[in-house]
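You will see chain A twice below: alongside chain B first, and alongside chain C after that.
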Partner chain A sequence: MARSATVAVPEDASTATGAGRRTQRRSEQLAGMAFVAPAVIVIVGLGIFPAAWATLLALQKWNGFSEPRFVGADNFERMSRDTDLVAAAWHTLLYTGLFMPVSVVGGLLLAAALNRRIRFMGLYRTAIFVPYVASAAVTGLLANFVFNPEVGVVNNVFRVLGLPQQGWLEDPSQAMVVLVIMSLWGQLGFVTVIYLAALQDVDTACLEAAEVDGASASQRFRHITVPQVAPATAFVVIWQTIQCIQLFDLVYTTTRGGPIGATTTLVYYLWEQAFRQLSFGYGSAIAWVLFVVTMVMTLVLVAIQRRRGGEQPA
Partner chain B sequence: MIATTTENDSAEHPAVPTAEADRPAQSEARRRRLPFSPWHLLLAPIAVLFAFPFVQMIMVSFMPSRDINRLPPRFIPTTVTLDGYRGLLERSDVLIWLTNTVIVSTVAVGSNVVLCSLAGYGFARLRFRGRNVSFLAILGTIMIPIQLLMIPTYVMFARLHLLNSLAALIVPWLATAFGVFLMRQFFLSVPRELEEAGLLDGASRLRILWHIVLPLARPSLMTLAVFTLVGSWNDLIWPVIAISDSNLFTLQIGLANFQGVRRTEWSLLMAGNVVAVLPLLVGFLVAQKHFLATMSSTGLKG
Partner chain C sequence: MSHTPTSPSRRSVIPRGRRWVAGLAVAVAGSLLLAACGESTTGGPATDLEKASPDDKVTLTWWTGQDDSSEVYIDKLVDQFEAEHPNVTIKATPGSATTDDLLGQLSASFAGGTYPDISYAYGSWASELADSGRTLDLTDTIAGDEDVSWDEFSEAARATAAPGGKTIGFPAVVDNLAVVYNKELLADAGLDEPSPDWTWDDFRDYAKAMTGDGVYGTNLSVSGGEDTTWRLWPLLWQNGGEILDDDQTAAAFDSPEGEAALETLRAMAVDDKSVYLDQTDEKYGPLFRENRIGMMVTGPWEIYDTVKAGIDYGVQQLPGTDGDHTTVSGPDLWVLYDHQDANRAYWSYELIAWLTQNDQDAQFNLALGNLPLRSSAVDTPAFATFKEEYPGAEVFVANQENATIPRPTVAGYVGLSSAVGRSVAEVLQGATSVEDALAEAAEKADNALKDAAQ
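Here is the complex of A and B:
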């Protein structure tokens, strides 16, 4: 891009005389601005500016072609009456409620299990971490295959075990469960890596003292390890909650919101409103509420973590 | 105790060192009724479960369709066939998708490495007006989710006549807030003394960055490259919004749409899946420690 040309400015560095020092400071000014300008233009131009515009759009009615019309709080009022939106919120909540506990508890237990030196450990870790690179499109196709009612391995295992065949992604009451399972497949490795790093900082002297005092392995884990990795837990909970609220990709590559709307999540609904119905104003209003809800939840979780951390003896 | 075990294991996994399990040798011996650690009984099945979808994906991509559509379907193909890959080449634009994806990801990685290094160094070392404000603005964008940005960004790109172009896919990936933050954190950790000799010799900041500081930054640059590669390669929502011309599809949208058209041609679809994930899969297996570093440094954002 043309911008990179501006970077070559700071070629004149001077000697350390009095006047030279001033030019040096001047040149540092110029160099600093030139160094950060390209990245700042891209990131702020595509981050702050559209966010401000979205605020304006949320107060307008606009289909992208005609003149936008200022409607005040109409979009927000419409949201309160929109039963499809409420349904989408429930679907998102269901997904979050199923995903979060397994993700956090499973990730911690998996990290604890992987935190030892036995044979094949490298292999185990690789197998659990590698789904990290699978995109939603890849994961979605795998979900469609593995949970396919006819050729899928899950139903075939069920048949061997004498269990009834299931519809999975084609069944409104099961589709969300399949999405949760596939998300866990992709993301448990990430949580595990975070916890594995945190487990390295757990005080071994404390664990050994507790063992000498006769604490069982599960007591040591619950009363020493779990409290000591609390900062990691806070991060994982916040990070994964945000991911849950924003679920879109996997829905797009598997069910497209179906069957009969059972997997229409908030962001999927928002996308439909904006880019299928061309309700740019209404879509922006939904996006704003989602953003605010996410921020508030993050702040609450951070506050809880701070208070908990404060109560503990250092 | 921790020091020795970490040392031993770091050859394999430097990014995530291991501490020996929290129990002394006697109780270990007491439990040794099995000829191997009981942890294998837990970990082996879990590892198999996680690896299974990828293994089956590769199997099916080489399978004749009669192996898939029989009851029960076969796991290992009776004969290895390239029909899936041949069909994929003939009946989809996979080469176009692959080319587009490679172009976007290559430019994204190159641009991120250059622009984020420059900005990270500027924010860490140089004093200039507006430094704090612009750095805070960049940090602030990390909190703003894509769904708030996508509608105005779409309109913006439409007005600039950038929709349905590779530029639309590339521009958002030219620099990332995460990258700037990551590089700044690294440059802050470099001792200033290293640069002072160069400054006294009258070398420009750009030369100091290039010759003295950047060679030290290789691990951070690798983390940034991995983050950008995975992110731009796997991006879905923005390409879905910005691209409708099938000649500009990336692998991700190409595959997602193709799936709807060829619902039951599994070997074809899985061949497409292999193409979409193989570069990252191989990258992961080769550069595992950098991938793990990327995964854990995502935590820097929080």
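Here is the complex of A and C:
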């Protein structure tokens, strides 16, 4: 409207244009805000505001029922002498150390295997991806069935093969390995899909030139394909690391942190502190430290990737 | 429908799928967001039931904490009550997906000001609920109401319903631990049925004799939750030990009595390997019904399924120490909440007082295979039928007499229970010694008690 007014009254051009532009800018701003507002409300309401409350909560002692009490840095001080928290951190680290490398390497190899034109390829790709769609609750239930020491499939197979029966999820030294296996089953599809996409961008001219020059298939894969999918690798490593640190649902649906606390991960521990022990303040304090640690690790990984590849990570 | 805060017993605890994408900070703070929007005051002076106008229309919200199968019985009782009192409308729902989740649901509802008039609650939540300042104080009402026959509830149940001396509700479900044994497996091992005066040495011999060929003599919990913890208390008490010191401010279980108690269990689990160690607290019942466990240390909630499975079983009170057969009891509650509305308070009280009378209790607890709430129920025809339907239930009822000591109702008990449960689980799995485990548990428990008292 402002624009048509400006065009219709050319003699007033200088002033009308100035005022018109201002009106125009203002109305555009209003329209923009109107479009952005719902998203902003959602993000502030469900993201930033609760995060701010969690900050306040981390400085309080609150059991969810009586009045919260301000305790300053007590919750953080308590973390420094909490041996169970240290144990939970080690468990999370162990899980990450077992899960992350296998998921990245396995995902890349699977993607390379699926990146060709053969019969029923769509079926194979779907089969790899389906477990990723299954919820953690389903994965957990499945783990309970498959790895049940009394009636589970795995121990039955062991029995037939004459191998000794294992405790699996009920054995403190094996439970974490079972969780890693179940996570891999659930998560490999995701990594594979990311790498499949990245493999489409690998320079075929370069691969063909190498082949002409006599490079073997494994040499081509190692020296051309792997470096070229480096941005995808950076993304996958960061993403999977964050997933590892946040491991909760699978633990909740299978071991509940046991046996003897062997699978108590950081997020499970903080959930237990907050919602079972009713130490909401302490739980929030752990959540904040976890957030900072995750943030720092992500930044470090991004920095390493940039220095090594000189490329923008995905 | 369960006896302890962490063990699911009959109630299904298949969790809802949860994706923890954004971390817990958001979830924790989410409830605070509600807190900010909701009522900030924790009620005024306690509502006086005497000021009610009983004929006014009133609507009550009731979170029953039941699963689908037991909710049916509540619904029938609600229909009866509404028919007798047409001005009262009752909205009865389970309140949450599992009974365990009800505590979080209550916390959020206090923050949002949408809490119910009545809710189910584990006995261990009583202190926290009372601290919220949202519960009704029924102490005087009950004292002045002869019809309620408060003395007919067990000592432990009454104590649990009155944290800090203030009665906040009624007993809802009572139970205790005893031994349910498989007669067939007992005969296979050439053993006689146990007599009431049996000892823990007898129990150990029995378990050892029955173990083998995929059969375990007995079961213990190693989940590390309250189900693990409360199985230690009868042994502790029988040996003359105590959970807390006289001031209720520090742990007292790290004592020679405590060591003797835990050593009894350790010897069976580690030396004899006659114990099925349940990580989940859900597997021992089904295993017993598959003839894989000889004697199950458990509560009355297992009888219903055992009868259904057609197992030939018997029930005996816990083995004793020097003739002392003390057991542990886990009363659950109906807690009544204050909405500053005399009519709602009046009818909440009337409803639950009516529900816990023998006639109605027969249609709820007895129908579900739970113990009757009142001692006077044993003389009713309903109980006679119940005894026939669930053989051995009368042993559990008589065993209430052995539930002489209530579990502590101090706020720090949750932390103490978790520390003890963890230590007991470690000992039973041979990961540490009895002395070290108890010392560590006592240190953690003291911290938890100190923390909660602040």
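Points to keep in mind about this one:
The rule is short, and it goes like this: the second predicted complex is superposed on the first by the 280 of 314 C-alpha atoms of A that agree within 3 Å, B and C clash if a C-alpha of one lies under 4 Å from a C-alpha of the other, contacts with A are read in each partner's own complex, and residues count from 1 in each chain.
Convention: a contact is a pair of C-beta atoms (placed from the backbone, for glycine too) under 8 Å apart; a residue touches a chain by one contact, two chains touch by 3 or more.
Since the structure is predicted, the reported quantities are computational estimates derived from the model, not experimental observations.
Of the two partner chains, neither chain B nor chain C is touched by A:Arg307. Legend: residue contacts after superposition of the two complexes on their common chain; A:Pro172 is shown touching chain C, with no touch to chain B.
When the two structures are aligned on the shared chain, A:Arg276 is found in touch with chain C, with no touch to chain B. More residues of chain A are in touch with B than with the other of chain B and chain C. Once the two complexes are laid over each other on the shared chain, residue contacts for A:Gly64 go to chain B and to chain C alike. Touch criterion met: A:Gly258 reaches chain C, while chain B stays clear of it. In the superposition on chain A, A:Pro50 contacts both chain B and chain C. Residues 46-47, 49-51, 53-54, 57, 64, 135-138, 141, 246, 248-249, 252-253, 267, 270-271, 274-275, 280, 283-284, 287-288, 290-291 of chain A lie at the contact with chain B in one complex and at the contact with chain C in the other.
Chain C meets chain A in the complex at residues 6, 14-26, 28-33, 36, 42, 103-104, 107, 110, 128-129, 131-133, 222-224, 277, 279-280, 283, 287, 411, 414-415, 418, 422, 425-426, 429, 431, 448, 451-452, 454.
Note for the complex: chain A touches chain B at residues 1, 4, 7-8, 10-16, 28-36, 38-40, 42-44, 46-51, 53-54, 57, 64, 110, 113-138, 140-142, 144-146, 151, 153, 156, 159-160, 185, 188-190, 193-194, 196-197, 199-200, 202, 204, 207-208, 211, 217, 220, 235, 238-239, 242, 246, 248-249, 252-253, 267, 270-271, 274-275, 280, 283-284, 287-288, 290-291, 294-295. Chain contact summary for the complex, chain B toward chain A: residues 1-2, 5-6, 8-9, 12-13, 15-24, 36-37, 39-40, 42-44, 46-48, 50-54, 56-57, 60, 68-69, 72-73, 75, 114-116, 118-119, 121-123, 126-131, 134, 137-138, 140-141, 143-156, 158, 171-172, 174-177, 179-180, 199-200, 202-206, 230, 233-234, 236-237, 240-241, 251-253, 255-256, 259, 266, 269-270, 272-273, 276-277, 280-281, 283-285, 288, 291-292, 295-296, 298-299, 301-302. Listing the residues of chain A that touch chain C in their complex gives 45-47, 49-54, 56-57, 61, 63-67, 69, 135-138, 141, 150, 169-170, 172, 246, 248-249, 252-253, 255-261, 267, 270-271, 274-280, 283-284, 287-288, 290-291.
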